[in-house]
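Two complexes are shown next, each including chain A; its partner changes from chain B in the first to chain C in the second.
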Partner chain A sequence: MEIHTDVICPFCGTLCDDIEVHVENGRVMEALNACKLGNAKFMSMNKKNRHIVPMVRGEDGFTETTIEDAVERVARMLVDAKKPLLYGWATTECEAQSVGIELAEEVGGVIDSCASVCHGPSVLAIQDVGFPSVTLGEVKNRADLDIYWGSNPMHAHPRHMSRYSRYPRGYFRERGQQDRTVIVIDVRRTDTAGIADKFLQVSPGDDYELVNAFRTLLNGGDIPDEVAGIAKKDIASALELMKTCQFGMLFFGVGLTMSPGKHRNIDNAISLVVDLNKYTKFNLIPMRGHYNVTGFSEVLTWQSGFPFGVDYTRGYPQYNPGETTSVELLSRGEVDAVFVVGSDPAANFPKKAVEHLAKIPSAVIEPHETPTTYLCDLNIPSAIAGIEVEGTAYRMDNVPIRMRKIMDAPAGLYSDREILEMILLKVREIKNGA
Partner chain B sequence: MELEIKNGVVFDPLNKVDGEKKDILIRDGRIVEKLKGKHDVIDASGKLVMPGGVEIHSHFAGGKETAGRMLRPEDGARTVYPKRNGLRSGSGYSMPSSFTAGYLYAQMGYTMCNTPAMPPLFARHTHEELGDVPIVDKSAYPTFDGNWFVMRYLKEGDPDKLAACVAWFLRATKGLVIKIVNPGGTENWGWGKNAVGIDDPVIGFDVTPAQIVKGLAEVNERLKLPHSIHLHPNNLGKPGNIETTVETLELCREVKSANARQTVYLTHAQFHSFGGDSWKNFESKADELAKYINRCDHVVCDTGNVTLDETTTMTSDGPMEYFLHNLTHLKWVNKDVELETAPGITPFIYSRKNPVHSVQWAIGLELALLIDDPFKVLLATDHPNGGPFTRYPRIIAWLMSEPYRRYYMEERVHKGAQKGSSLATLDREYTFSDIAVVTRAGQAKALGLSELKGHLGVGAHGDVAIYDIDPAQVDPSKDFKAVEKGFAKTAYTIKDGEIIVKDGLIRATPQGRTYWANPVVDHELDREMLKDVEQYFKKYYSVNLANYPVQKEYLKRGREIQIDARDVK
Partner chain C sequence: MNVTLITGRTIKQGMVIEHKDSTMYTDANAICEFDPDDMKKLKVSEGDTVEVSSEAGAVFVRAVKSLQSPHKNIIFIPMGPWANQITSPKTDSVGMPSFKGIPASVKLAKDKKVLTYPELLKQSFGK
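Let's turn to the complex of A and B:
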């Protein structure tokens, strides 16, 4: 039996790096330290029904094809398209993302990631008002107040609280849990709320009003007796905790970014944190979902200057969310081919966007079967990043970690990066030959 | 591959070549005395030939650099670079994206760039990004200002383990230089506090900024590192900070240099030469710093010129960025890094009409003109903090022309600069040889890399910049516009003997080397020290020790500088 220690879990943005995986005869026997979600991902390696061969849609459904043929088809699709969309990228390593960006530039397409539909609003807000943040180790060593807003780590990031916020002992927090206070703000009493010291149940869609109430009180104003379904005294007492803590943290999830108000909610929440810095040390971290959605923003930003929704149709990077982002491009029918890598837009995008996706030529690189692999004209299965392929991923606090390879991919499967490199080469061949 | 550069007017200060007509020969990437066979010839008659430029302090790649780009799409939209002639596209006025930064530096004749503030935890990011900066050789300086191991060993009085630990961090992060930013202040920023004097206590660690600076300066020499400590003292950008600056430099006076060079490198000196006690009576104290540096041998500084542009400030000095944000109320990014340091970012608009900014503009130039030996005051804008590096040609023109400066003083900047600084009284004009010192030779020497970089003697890297300026025809004092234009784009940039730029256009984009230092200390000591490291990692870091060091895959063309420091035990 092989024992792999210090393995990085390629599931959520918490990017735990202490997993111990036991592998015997190509089967994962155990994934110690992993949470339920991470464990399921490692264990799923043992499933038998994995696609190995690229599939292309013909007159009578999908038929198998070779990787060479699949690569050529994707390359032709991208070259023939006037404005192709290259979407996804959150569940693959940075090295593959980098090739993807080069490919988008080469074919003059639009490249966009899942940030577009999760924490894109956070980025917009950051670009409006900034981003006072810290790494998660700072939280572990210093924080005596953690707020989770619109985020339910018990289910979405199960080890977040045990590794960084609620439970661990830190340098200045020797007693661990006893030294820390947790506030949860959500529309329902989540399981995270169950272990919080204080729970504020905000009425759905009223997050913005609640942030405003905090800021108004903080800056010396007065508020009505009830705001966003919460009594004034509860708002005031939560605010008192924020003002008097030594080191406060606000963790926020899609409950805040994707509820009405979107980036305005975050804009206001960041401003609250900035205001609180007049009283104490306060910072925030977005609870990023996919394990490497952060990495894509980093790579795209240092290469192009912009974090998501970058349009290369004019030969230089252009960024205008709403104009150059996937859902809008698809809904308005402005792209004429879609190439998905490591994502499942068919399951997550609005109906109108998916309808257009189904109409135009499309291809996907994806190790698993998903609604998108069925919807696209062509799917190329790939090796699984972070388990069968090593490479870089960025944690939700932008800390880069190198994911390990713990087992070989089934014969015949290539990594996302290798497939993308083949496509890029083919695209250049076609462009030079034509 | 052989190349002959014929008849150029050569300025090579490290070899005492001052404007002589001379041929430069390159074989297999190195400068040689003789060529063997058929070779390419560049006719450089009537052109200025210098060694490739060396950038000693520029935030062009890394974690906060990318955060700065992400923060400011308006900066990206301001200048775009299309995909063209096989080059990658990019964007950014004050913070050009990675590929573009490499191209722009090469076009100005630079062949080596160093990114000066890498939080160790983000080293992997920095190296990943450096891999996407083409052409130039590079290195990164890991930050040690708030490093818990450093402070712990200082407190325990264990200089040996301290040295071993610094060596370990350089190895783990693939860094070249010990960088110190606002010593102690960045750790106190973990509680929203700062350190404003060199004897202020660091909360929870019972050490002072003075101990950190002196301790690390001594370690630097015991490890015989190529460069000295690279220092950004406390109180950056505060009126009256000259006192702290001089006190801090004074700490390193008695430190014995291991490599016959300075023992402290003061970076962006402009930001540390402020007088007065408020913005109202703010004034230049460049004369005081210049006087100090002229009288001693242990300090080299760079100017940190302000170029009066809209820019994106980014430093590892978190409390300073917050202070700046409170001045301007512009958007603010904070990025405290566990156990290490605390970077911050905020945009800044330097205005010609603002008296303080105008004095800052004057201070950068004053320092260059008041410090006698150009090897002691190098040219840098602390890109992008004082202004983008693309402004270097203009700064060169200012330094070479008193009339150009006078024009700015009288017509362009706020009158406050005349009152608040001595610039109007300075008539010194830099020569081409001085310019060669402050843009390449001085940097190479200060970095301890002058065997390979910053000169055109036999054995040096075949890195050459040829500018379309004829020293026989151009009088820099009068033709300052021609100087500015000439230094903006080279006629040729040659890197390792390969023509990279011709007539200002990029023709090749090879991958540059990444230098890093590996001082090897006594094995037993190393093992003892690692036990402490393991314990701290388990308890306080958020990543496992096994996942912390930068893997070799991240250095596309790494160059290890191994140093025998086994006498450290």
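Let's turn to the complex of A and C:
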């Protein structure tokens, strides 16, 4: 039996780096230290009905095809389209993302990631008002107050609290949990709220008002007896904890970005953190979902200057969220082909956007069956990044971590990067008249 | 009953991401979590089919008693194809649809069937 230690978990943005995976005869026997989400991903390597061969839709359903044929079909689809959308990218390594961006530029398409439907509004706010942030290592060693706002790590990032915020002992937090205070702000009494010291139940859609209440009190003003469903005394006592801590953290989730107000909620929350720095050291980190959605924004910014929703149809990068982002492009019927890499928009986009995806030529690189593989015309299965392929991913605090390969992919499967390089080569051949 | 719909990640939904071809996916995602008091008001029992409607459409899902209550007049459906039958593509010009805080209504639909995702996709998109 092979024992792999310090394996990086390719599931959520916490990107845990202490997994011990036991592999025997090509099967994962155990994934020690992993949470339920990470364990499910490692154990899924044992699935018997995994797709190995590319599948193309014909009149009688899907039939198998060769990788060469699949690559040529995708290349022709992208070259023939006036405005193709290249979407996904959050669950693959940075090296594959880089080739994908080159491909988008080559075919004059729009490239966008899951960020546009998770923390895109956070990026917009950060561009407006800045980003007072730190690394999770600093949080572990220094933070004595952690606020989770619109975020439920017990479900979405199960080891976040045990590794960084609620429980661990740190350099300046020697007693662990006893040295730390946790506040949860949410519309439901979540499982995370259950282990917090203080819970504020905000009424739905009123997060902006609650941030304003904190800022008003902080800056010497007065507020009504109740704001956003929360009594003034509870707001004031939570604010006192924020002002008097030594090192405060605001971890915010999609509860803020997906609710009314969207980027303005984050804009205001960042401004609260800035205001708190008049009293103490305070910082924030967005609770990024997929393990490398942060990496895609980094790579796209290096190559195009913008973090998501980049339109190359005019030959140069244009960025205008609301116009160059996937949900609008699909629901307005503005793209004429879709190429998905490592994502499931057919499950996670509103129905109106998926209706257009189902009508136009489409292809997907995806190791497992999903609603997107079901709707797309062509599916190329790939080796799984972070388990069968090494590569770089960025943690939610923008720290790059090298993911390790721990087992071989089934024969005949290529990595996302290799498939994208084949498609890019074929696109250039077609454009050169081959 | 008029409610506010929240969609999002649950640990069960996250655990079946690599198993969307199994019945576990429908079991984890085609559900609606209710505050226990709201279930009494609606005379809904655990496992009953309910119809959830919004301006974008309607969907049939299975009622589940929320373990993260109280959240009166708020229902929760895990992110996925069932939830997105009733989310709007309007983004307020920032790229992000409102996946949370959606005005919706819910009613008991005991005799209706909760569709699997291939059935749901066939019905919605003809594929």
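General observations
The working rule: the second predicted complex is superposed on the first by the 433 of 434 C-alpha atoms of A that agree within 3 Å, B and C clash if a C-alpha of one lies under 4 Å from a C-alpha of the other, contacts with A are read in each partner's own complex, and residues count from 1 in each chain.
Heads up, the rule we're going with is that a contact is a pair of C-beta atoms (placed from the backbone, for glycine too) under 8 Å apart; a residue touches a chain by one contact, two chains touch by 3 or more.
These figures come from a predicted structure and were not determined experimentally.
Looking at the shared chain after the overlay, A:Arg417 reaches neither chain B nor chain C.
When the shared chain is aligned, chain B comes close enough to touch A:Thr5, but chain C does not. Of the two partner chains placed by superposition, only chain B is touched by A:Lys140; chain C is not. By the touch criterion defined above, A:Lys351 reaches chain C but does not reach chain B.
When the two structures are aligned on the shared chain, A:Arg159 is found in touch with neither chain B nor chain C. Put simply, chain A touches chain C in their complex at residues 11-12, 36-37, 40-41, 44, 47, 49, 116-117, 120-121, 124, 152, 154-156, 158, 187-191, 193, 204-205, 254-255, 257-260, 262-263, 289, 308-309, 321-323, 325-328, 330-331, 344, 346-355, 358, 368-371, 374-375. Residues 61, 63, 65-67, 69-73, 75-77, 80-84, 88-92, 95-99, 121-122, 124-125, 128-129, 132, 148, 190-192, 204, 322, 325, 331-339, 346, 539-544, 546-547, 551, 553 of chain B are the ones that touch chain A when the two sit in their complex. Interface residues of chain A facing chain B in the complex, by the touch rule stated above, are 5-6, 8, 17-18, 94, 98, 102, 105, 123, 126-138, 140-142, 163-164, 169-172, 246-247, 274, 277, 280-281, 283, 297-299, 301-307, 312, 314-319, 392, 394, 398-402. On the side of chain C, the complex with chain A involves touching residues 4, 6, 8-11, 14-21, 56-57, 66-71, 74, 76, 79-81, 84-89, 91-101, 117-118, 121, 124-127.
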